[in-house]
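Consider the two complexes below, in which chain A is the common component and chain B and chain C are the respective partners.
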Partner chain A sequence: MNDLAIPDFGREIAALLPFLIVAGGGLLVMVTDALVKTLRKDHLSYLVLLVLLSVIVVQTTSGTPEGPVLNGLLLLGNFSRFFTYLFVVIGVLTTIFATGIFDRDGNYRPEFYPLLLFAILGMMVLAAANDLLTVYLGLETMSLATYVLAGGVRGNAPSSEAGFKYLMLGGFSSAFFLMGVAFVYGACGGTGFDQIAAALHSGSAPMPFLTLGTGLMLVGFGFKVAMVPFHMWTPDVYDGAPAYVTGFMATAIKAAGFAILLRFVLLTEPMLAFAWYPVLTVLAVLTMSLGNIVALVQGNIKRMLAWSSIAHAGYLLLGIVAILAPALGGPEMMARAKGIVEEGGAALLFYLVGYALMNLAAFGIINVMGTEPGVDGDQISRYAGLSRRQPVAAATLAVAMLSLAGIPPMVGFMAKFYIFSVVVKAGLIPLAIIGVINSLISVYYYLRVIVVMYMHDTAEDSYQGTEWVSVAAAGLLAFLIIYLGVMPEAFHRGAEIVFRQISF
Partner chain B sequence: MAMITDHILTWVTFVPLLGAVALWLFGRREGPARIFALAVSLVDFVLSLHLWFHFDAARGDDQFVERVAWIGNGQVSYHLGCDGISLVLALLTTFLGPLIILSTWKAITSRVREFLAFFLLLQTAMLGTFLARDMLLFYVFWEAMLIPMYFIIGIWGGQRRIYAAVKFFIFTMVGSVFMLVGILYLFFQSGSMELTSFLNLNLEHNAQLWLFAAFFLAFAIKVPVFPLHTWLPDAHVEAPTAGSVVLAGVLLKMGTYGMLRFAMPLFPQGVAYFAPAVSILAVIGIIYGALVALVQPDIKKLVAYSSVSHLGFVVLGLFSLNSLGVAGGVFQMLAHGLSTGALFLLVGVIYERRHTREISEFGGLAHVMPLYATFFMIATLASIGLPGLAGFVGEFTILLGTFTSEFLPAARVMAILAATGVVLGAFFMLWMVQRVFFGRLANDANKNLPDLSWREVVVLVPLLVFMFVLGVHPGLVLDKVDLSIQKVLAPLEAQLVPHSPAGHAAIPGGGEEGAPAILLVNSDAEDLR
Partner chain C sequence: MEGLLFWFCGSLLLLGGVMMVVQRSAVVSALWLVFAFLSAAGIFAVLGGTFLAVMQVLVYAGAIMVLFLFVIMMLQGPVMDGERRLMHPALWPLIAAPPAAVLIMLAGFLRGDRMVGFAGAPAPGFGSVVQVATLLLGRYLLAFELISIILLVALIGALAVGRGERKLPWK
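Up next is the complex of A and B:
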């Protein structure tokens, strides 16, 4: 891969088309906003939707080439395609939610649209990365755009605080990550995933450097997916950022983070298992438990969902731990290893999609509820009696909450079912028990939102207005949550196929 | 017709769900929505009658089976089946459905359509729980049932409804999540979620003990077995009448049903080990429930605690581990559903009129409401087990089964203690009836209470009729369930006979190595002779 073959130019361009569309689209939106003064602001959102839909069309219709492109910097195929679809769909919904609020409040943030597209571009690169440098590139493109998205509400102190905090801590984590890349590069003699894999298999790489390098990189990933103890930014940033951005961060960034973490874990599996397995296990347990326990006492729904997103990162990390476990087990375990890895990977992908559905549905409603200027709109108490005033919005949020709590027949249950059954299969029954105890704890705070919406009378300061497009979009998500909870099979099988591409 | 009869279980299970969805079409028109919901539940009842008439009791196995691959390569399937035990419980559910909807005509006045939708969803979840033959499918129904019940208590309940609803939800979840881990473990061992494939596993002793504990906890909370019963009085008292009826009538039976269907046949060695402890808890529950009921000032709370006592009988019957006791347990589930369901309905009637349930508020009601007093008396007598009414058959058979149990230690002592529970039960129920209905009509507020309306009579009469029918002709039900019970218990006996039970040490005077556990005669019982 390293010798610079002369690339087949047409193939490369065709392969990169989705990336180019998003990048070009972002520039186009930016330029249009600056130059075409006669344009109504909400027309920008149509342009964004057009860009995103054309990505879907191009990716679906053109036979995008599989395999490495750009001299192995990117690896295209089912895996990258799967995540591109996910990011684009999240992007479409985020655009709808954001525009609805801009429209209603007459307060446009035109810079939002290109930044959203650039963030999506970064995520797409991240999910397709096949080289540590591309990983870094994707990570930074994504992060820089989100720093501004989170902090970009001018004159709003919490938002500025959120953006600044995210920027500072994100900078630290990038530094950790780069340091890790340096060590791994030193140990393996290359940054390409293939080179690293080759070096690991030959056993020539010096262990201490590798251990240190992968550990530092885990810190970087841990920050992005909000793993304890690198989660500190999450509540403040989720709370301070506007809800449509929080929804985007909670779903897309988490998915991108786990996409690359999954690739990284599979790449360095045996080595990572020996060096970091116990640490990861402990951190997974801490992440779940801390997230759920602190979420119990939150009065602000965005903060509550921030802690809940930390807890869900913990469940996902359980899946990672289960994937790593066979590498440590005896011969009997090794025989089952492939099955566990494949099921674990499919479970993670399924979980990420389910998690994206339920969080987007929740944030879609929160977005509508909490944007009255000058009020702390995100207090759970403001949702009192919502079921009488806005039955659809309340039902949607209720479905999202029940799904997050893992109650059947919602997708959240099936996602947990797949993860926990892999954990049990990997022989980690104590971890599964800790996992179910955690989801038990979480039931309490998710139910509280439903209690307030359905069982409390409308309070005086409750929110009265609404925004129908967002509510309808979130309602559609609620329908999907139930549909995938009842009929998970086809989708789960798709996830298995997607995963097979990257499991070596 | 064939389209319906070929998939009869699916229709019976999901007709209420369809009805719940269709209820959205009614908008704010409450009257038509009520009639529609009633019609849906009646249709469902009629459909379930098909099961009753076409069930072949001579086979006793799962009938009307439907099986479609659901998840994995058929590892998890949509698998419904109906044996005698499921049959009677499913019929109890569909039978109570229309009666409960009719009973809410005046009681539920706010958000009517939502209430009806949640109630119909609940019907689907309960029927699915009784008919599922795939563990994951069972679990999905079992958990999904929590959602509508939670809303019914939390929205339409009394003063402390939110506390009661959350407590109900969390208590049940506590048990079921551990069961979920157990299910996942079994799934991993057998590679399939089929109940039958679980039955064929040869689990080692320790695994059986842990799994039995996990499953039993889930079911015991639902029953509820002492000391896990604390959610029950709260839920019952705060729930609206309809919620209490369905809670007492059907939901509690899901716990005992789960024990009989899953916990007992799957883990024989766990049963052997834990049965003595479980039956002691059951006896404590019988007596404790009765004693606490004795001192309740609130009629509804009194009836709620009587449930703890009566369900203790069911558990005792199941864990006597002979077919007599188990058959009695199943019969008692049904009898309790009828009598306690009727009692809660009757309490609801008086609550609608007076908005209080304090016993001290009443007295001499028989003078102004003779019909009501008569109905209440019949339900009370059925509940305390007067011969000729349904409750007697269940309690008597259970006591007989327990007394002759060759498996439980001190079986006779337990039977005798449980029998004192019967006496106590008769005492507190009759004492309550005396204070409420007889004596002088002292309270002026009661002077002009109207007697039962036609609608209320229509709701109650079917229940009373079946109390008599089952009381004089218990064979009607027992014939249907007999073979099924033997089939369910077969794995238990088959496994207990060849292996000397590991729970030996726990049984005083346990037999020789290899002696069939079920035939053990224990020394305590000998001493008593």
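Up next is the complex of A and C:
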């Protein structure tokens, strides 16, 4: 039974250490909550933070081995490490925001912490996946945990609706995805990314099954990243879920979804670029435009941000379209192809980080605006006069909104700038114009929030909160938004190095 | 011969799936799902995956569906029009016949009567317990472990949704 032996066990364990810490940490938090009765429940959050910080420390110091591990089920390297950092940082902030609310309301959700850690584990697996099997399992770990997180506020109908809707539609989309995996497996004779790549290069895979399979998989990915026309769940779920969960979903799930979509598109590009390109172009334009136009009329800030998150998925798709464009172009295009692919990838990674910063800052503030337990202060009118009562919170939200609108010197501007400049370099000027028009439209609804906060009279039930930890954390994010907006170069170059490593 | 058996089981599976979706009564739906699972077991058997076929019958058609039926019957919603008619006892043998055929065929496989050849003549030991176990604990070890995490998440989720909110002890 030689098949059972894992070659070089020590190396594999060292490589998997970040994954093991998160998984073990989830179990530890769960058991601690159940067994240690004397513990103050908010101490669980310190345990979670400890787990997440130790992932960062281990990953930074240990110099994780690179390349495929565990028989090629995972591919570790700069790409997976980059996303692990991103997910862990999002996890830390979500823990801080959630704990602030639990403390304030006196209600705590013991299942929150282990589920958060398991969701992060699923995302880490997804970003490192090198086999369709691992992709699916990572996707399911992440999704199952977030279904419960979204629907977990009891006695709150919108939250239950959000959880149930997300569960039903998510289950449906994962059935589509699985069906697609089955077709791709049938066409390529294997689920491993290297097997798929080999089958594609040799041209032995039958085209109809391949296109059908990848199309069905696109439904699954599209659902996770809230891409039109698979976006229907987004406003209701983002609105119904508590704000700390919405912030987590909007940033981490989108990043994980785009990480794997990017890798899968690059993997299948040699043979399927002709199919991906028109489909993704149309979807990108639809996603941007619909998201921005519907966001214009929202009076509820969480719904507005949900539609805005759909719009941002559209901008991110533009980056993928730009990466695909050279594969279809003439010989003159092929010469520039490598540069465009690298720049496009780097722009996407930069955008995902910038988007995570600004969305978390916004949801961090929305999170503390609630008046009664389980209900978020989500009507924009409630933010009237916030600048006079809570200058720090108002300034933070203002920075986040300006950044989402793409106004310099915020990180949102640089992120859009990188994406649009790659799109132009790829020769897709009309797409770039549509993108710019869309971001101009979006300025209106983002600025409206700022106008309400700074120029309207104070509302009767305006925010009086004292959750200074959450506000301080969001304020730190606002600082980072400006910092990365002013000095993006070093980070952008880092993203380029990260992306260069994934090669097919 | 195996081609014929494959198409036979495959069309039964499709029938089961379609019937499950179009039924108005949850109990009848669940019974059609059992039917579909048994047909799937037949397909596994035709392909030579005897262990999988047995597990499909034991775990899916057996354990999981029994649980399903228990839950549906305990939660018993309103009886809809036509439910009684569809459950008419005269229909039962009709529903039961094809799965019975599949089961008899399966039993034949397990006794080792090679009355039909396996599709594509697999290697000796193909689909055996040893081979499945070697894959699960060897090449797919990570997937195997991840599934345990998924089940744990589902368990926590079910518990969390199913019980009330607790107050912080110090508030």
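For the reader, a short list of remarks on this structure follows.
Methods note: the second predicted complex is superposed on the first by the 491 of 504 C-alpha atoms of A that agree within 3 Å, B and C clash if a C-alpha of one lies under 4 Å from a C-alpha of the other, contacts with A are read in each partner's own complex, and residues count from 1 in each chain.
Here, a contact is a pair of C-beta atoms (placed from the backbone, for glycine too) under 8 Å apart; a residue touches a chain by one contact, two chains touch by 3 or more.
As the structure is a prediction and not an experimental result, all values here were calculated from the model.
Of the two partner chains placed by the overlay, neither chain B nor chain C lies in contact with A:247.
Judged by the touch definition given at the top, the superposed model places A:475 against neither chain B nor chain C.
Set against each other, chain B and chain C touch different numbers of residues in chain A, with C touching more. Legend: residue contacts after superposition of the two complexes on their common chain; A:151 is shown touching chain C, with no touch to chain B.
By the touch criterion stated above, A:291 is placed in contact with neither chain B nor chain C.
In the superposed pair of complexes, A:235 makes contact with neither chain B nor chain C.
Applying the stated contact rule after C-alpha superposition, one finds that A:319 touches neither chain B nor chain C.
Of the two partner chains placed by the overlay, neither chain B nor chain C lies in contact with A:68. Applying the stated touch rule to the two superposed structures, the chain B and chain C interfaces on chain A have no residue in common.
Every residue of chain B that touches chain A in the complex is listed here, in rising order: 70-72, 111, 136, 139-140, 143-144, 146-147, 150-151, 154-155, 161-162, 165-166, 169-170, 173-174, 177-178, 180-181, 184-185, 187-188.
Contact residues of chain C toward chain A in the complex are 134-135, 137-143, 146-147, 149-150, 152-154, 156-157, 159-161, 164-171. Those residues of chain A that touch chain C in the complex are listed here as 1, 3-6, 23, 26-27, 30, 40-42, 70-71, 73-74, 102-103, 106-111, 114-115, 118, 121, 125, 133-134, 137-138, 140-141, 144-145, 147-148, 151-152, 154-155, 163. Those residues of chain A that touch chain B in the shared complex are 388, 402, 407-409, 413, 417, 420-421, 424-425, 429, 432-433, 436-437, 439-440, 443-444, 447, 451, 454-455, 488-489, 492.
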